[in-house]
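Below: a set of structures, written as structure tokens.
After this come two complexes, each holding chain A, first together with chain B and then together with chain C.
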Partner chain A sequence: MIAPAAIGTEMRPAVNLQPVAAPGVEPLLAIEGLRVRIGTGTRPVIDGLDLEIRRGEVVALVGESGSGKSLTALSVLRLLPPSAAITGGSVHFGGDDVGAMRPAALNALRGGRIGMIFQQPLAMLDPTCRVGDQVAESLRIHRGLSREAALERVVALFREVGIPAPETRLRCYAHELSGGMAQRVMIAAALSADPDLLIADEPTTALDVTVQAQILRLLDEQRRKRDMAVLLITHDLAVVAALSERVAVMYAGRLVEEGPTREVLNAPRHPYTKALIRCSLLQRDETGALISIPGGGASARDIASGCRFQPRCSVAATSEHAHACCSAEPSLQCCSGQHKARCWNVNAAPAMPVVEHRA
Partner chain B sequence: MWLFVTRRLAVLLLTLLVVSVFAFLIPYLSDGDPAVLVLRSRVADFQVDQAAVEALRHQLGLDRSLLAQYLGWLNAALHGDFGYSYTSRAPVIDQIGRALLVSITLAMSALGIAIVIAVPLGTAAATRPGGPIDTAATFITQTLVAIPEYWMAPMGILVFALYLGWLPSAGWDGMSSLVLPALVLALRPLAYFTRVTRAAMIDVLQAPYITAARSRGLGMTQTVLRHGVRNGAIPVVTLFALWLAGLLGGSVVVEVIFAIPGMGRLIYEAVINKDVPVLQASFVAIVALSVLINTLADILYAVLNPMVRMAHAHA
Partner chain C sequence: MRMPDAMAAPLFEVANRATSRPSIMRRALGFARQRHWVFSAGVVMFAIVLLLLCCAHWLTPYDPAAQSLLQRLQGPSSRHWLGTDHLGRDQLSRLLVGGHFAIIIAAVTLVLSAVIGTVIGVISARQGGLVDEMTMRIVDLLISFPDVVVAIFLIALMGPGYGTLIVALTVVSWTPFARLARGLAIEINAKSYIRAAEILGCSRRFIILRHIIPNAIRPLAAMGFLRFGHKLITVGGLSFIGLGVQPPHADWAAMMASSQPYLERAPLLVICPGLAIFLTALSVTWIGQGLETKRKTAGDQA
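Here is the complex of A and B:
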């Protein structure tokens, strides 16, 4: 079961068991310096994002609403809404430059080599089209199957993702399904062409708690079976701890911390990550109130100068780098091995003992 | 679904019953004694003979109670007997039948032209709002809405019949005589259909399921055809039904200008001649058809939109 309690067990100081990528091995997905603008905003909402995913690796992208997680995912498939546009950086998938792809190659990439599932599964299904036909669409495009052959394959896929009575569910419309069932349909569609990467954009946020666990278990099971890489977008650290091998924390359009999941969750270096963990553990302060991060989630557009997290940071004001915090943005610096954080106090601040009272 | 259809048919019958009462009362709504009106229409002499009026009143059953008269009229009407036209002396039902066929042909041709142009045009405009197609479509539709039929029809005759000589200027004689009136009649619905299609498609194309379809590898054109048009068509179906019902008796201007023997002209002439039986029957026929068309549209709506079907099944 994946419940917040899972974090406690994951958090005991542990040896990093992550396989270290052999240097020189090409990553499956490489995002470099990605910049995305919305409308005519002066500052990009995603501002120089770097992220790599290796074959078969599960990477979690974490951050609060508005931090640019979903836009990052849509940028990979070049499916940004018309109001948003990629203004810089590059996305390479399997060595191919996604930005330079022609429409036919892009369509082969979408749903073929990269599958995607979304936050609101019911809204993601066409209300006037039977769900079987929508899943079959993918097989017809990427596998060139006839409608009949595709539907036959869909039955098998439905069975695989745990949809009961698949033959009858084929003929259902979206409004006849529950949220969990609709997400299983979306997963079946995303997996239908055996993609190398699955992008899961908050796949369980809209579902109720018991269904969340089932869907997460299904995702974990399928990605192991298929040796598929997963980009898991979420704000739920319990999900991160349970599923991902590596985690990247986003704040206001930039990565602020990145590293092996255990290391980041056990010994977070960035004050924002520390605060996120503290919030998700439902810790209480001296007055008994639940701990929260002061201030509102900042979008990359509102930042003046200095560190983007500085206005809400509990460390900045008192640290020896207080001046730097306000005047210049720190770079993503290495703190140990593959663990990086974007903070002036990265080496000054000791790792926060987040779980001592829970152990 | 069947419950839904049955219920709609019940509403249809109820509406017809109410309409029949109003139709029956038409002669009483106008000033003057119906018997006098009938006599006046038969003899040009304004000084009608009182004895003749009484005789006719009895002959027509006008001396019976209103309810008895209504039931008698309704019974006859149900058997397809709406009496004889005051002016042509021919059975009204035959006249209505012929005129309706003409009007339906004309209206369907006009709306067919309108929809065939409007749906692709509105969809194309919606895929790139503010783009060249959208700008052109907006300009054209605004112009079309503003031009009245009584200007468009003579201009059409002037250009295509008199100047170019491609089409007949008036009458009702085969395909060639249908083209010009149908085109003139198509212009305004064309404008409305285009705008509604555009608005509906802009909404639909922003829907999450469109992004999801694209994420499965569907190209833009395929996505619009497979997931856009059907969802976008739903409001257009409703509008189509309203226009069809409206044009059946409402294309008066075009029918009169082009001398087309349809419902519009029939009603126009019946009003001028105070031809009460024709008016009564036209009224009933047009309302009946309007309700029937709207019922069919609602059924089509349910076919297009499974969610509506579900709501009715549970209602």
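Here is the complex of A and C:
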């Protein structure tokens, strides 16, 4: 381990990392040292993010609002809002550098090789366009099909994603659909070009609980059938547990913990992950109040020095590394196998079981 | 780590709203019923005007250009329903053909300026930055001059003629469309479905043609009809001062101009073409207004 004093705030943790994928197997998506800035003069909102996704793998990206999850997804597609810009790092998809792609290649990537679904499915459908035509758009662009052929294909897709009476649904407008139905349409659009990667940005947040379950099952079914990798962005740990193989936890623009889902959820190493799991279990403290993490969600912009989670951390003040916690940011360190955490106390703190398996 | 039991629940989302769609006629009627009554009134009036103008060739009782100096300035009679003008030409026949010029010029310039204005506005909005800024300042500059003044200036520069008239009127009238289209495009551009289209890999041109313009079309159409009335009056004004149709062809505004000296002896000669211009302009303005506003029904809030 490097002495805390030697670590500058600009340190790139990528240097310390072993690639997740087995040697020789190229990851499908490789994000290295990604930095995204909003506006000018401020600190980046995503700061040196590394993430790899292999073919057919489901990776969950977890974190609270403002931690940079959605920006990460949009960076992969190079579709950041005008105020934000990638200022460092690289994104490789299937071996191609996304940052160096020309517009035509980018359009082929978006929707062709990477599909994406969103939190607000109804807002994602053009109100003046029949939903069938909207899904067909993607097929016409990426597969070069005629309108008739594309619509025929859409019927098959609609049937696959569980939309009843697909022939008549085709001619519906967005306002005639329910939220769950609209999400199915979006999934059909995202799957239409047989992408290698599906980015699901909080796909069930806006939906009713029963519909949530249906949508999740549909996603799981489709990705198994197509051997498609999924980047699942969510803050719902139940969804993470149900669907993903690997989980990456983000806090204030940094990955703070990463590893196989089972290991991370059963034996979290980072105090933030631990607290997150406790909160999601709706456990109560001694006074009977629901457990919460003190303080507000920090954006990467207002971190001064030291560990980004330190101000809200329950361990920092009392640990033997208390000084380090305040003065320097830890790197992402291996704790066991592929499980890594960004905490000075990784090895000091015992892997505490916070999840009792519910039947 | 299990999925909730609710996954086994059947799909209850099936609603059969979309199974049968009413015919176009029925939908048009339904659309009109949702508008204020001025919409329907405007459509009916404009349809009558268009029908009369289209059939004018067969409806005119006399040759509109045939002079008969012995029958000058006659009042309404069974032979000449609206009387005759100062050269003895049948007023009704001239009225029936006199709308062609104004309506055709107004429609052509309107279509040209709407298309040019929309394209410039939408591109300006999507481009943003310096291009947007410069385009909008040019628009501001053009909008600050009265239409007729600029049109007269341009006609003076290029010489009279129908082509010149159309060019001059287009130059002065694309600006409101550009401004409106830009505003609409900026608003629509921020919508999630544009983002979704981008994520699906749609090209810029496709997004503009397929998503932005269809969503902007209704306010633009309303604006188009409102400007149509405005345009008719501008064309009328130019024709009135002699920059429009040349004799012996009839035109409403030119008829008013030539009958002006006889206002006291034969007021109908001025009133009839004036009324024709007024009613035609009113009908298209009503259509425009009706397109913009939805009738408040009992169930509506606000």
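The criterion applied here is as follows: the second predicted complex is superposed on the first by the 333 of 359 C-alpha atoms of A that agree within 3 Å, B and C clash if a C-alpha of one lies under 4 Å from a C-alpha of the other, contacts with A are read in each partner's own complex, and residues count from 1 in each chain.
Note that contacts are C-beta pairs under 8 Å (C-beta built on N, C-alpha and C of every residue); 3 or more make two chains touch, one makes a residue touch a chain.
As the structure is a computational prediction, the values presented were derived from the model and not from experiment.
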item	value
Superposition on chain A - do chain B and chain C clash or fit	clash
Chain B versus chain C as contact partner of A:77, first or second or both or neither	both
Partner chain in contact with A:175 - chain B first, chain C second, else both or neither	first
Which of chain B and chain C A:242 touches, first, second, both or neither	second
Contacts of A:141 with chain B and chain C, given as first, second, both or neither	both
Chain B versus chain C as contact partner of A:162, first or second or both or neither	second
Chain B or chain C, by number of chain A residues touched	C
Partner chain(s) touched by A:216 [first = chain B, second = chain C, both, neither]	second
Touched partner set for A:110, first chain B, second chain C, both or neither	both
Segment of chain B intruding into chain C (one of 23-31, 59-67 or 113-121)	113-121
Contact residues of chain A, present in both the chain B and the chain C interface	77, 79, 103, 107-112, 116, 118, 120, 123-129, 137-138, 141-142, 176, 186, 189
For the chain A and chain B complex, residues of the former touching the latter	74, 77, 79, 81, 103, 107-112, 115-116, 118, 120, 123-129, 134, 137-138, 141-142, 173-176, 186, 189-190, 193
Sites on chain B touched by chain A in the complex	206-209, 211-219, 226-227, 230-231, 304-307, 310
Chain C residues touching chain A - in the complex, by the definition given at the top	1-4, 6-7, 9, 11, 13-19, 21, 128, 191-193, 195-203, 206, 210-211, 214-215, 217
Chain C contact footprint on chain A (complex, rising order)	77, 79, 82, 103, 106-112, 116, 118, 120, 123-129, 137-138, 141-142, 162, 164-165, 168-169, 171-172, 176, 178, 180-181, 186, 189, 209-211, 213-214, 216-217, 241-242, 262, 265, 357
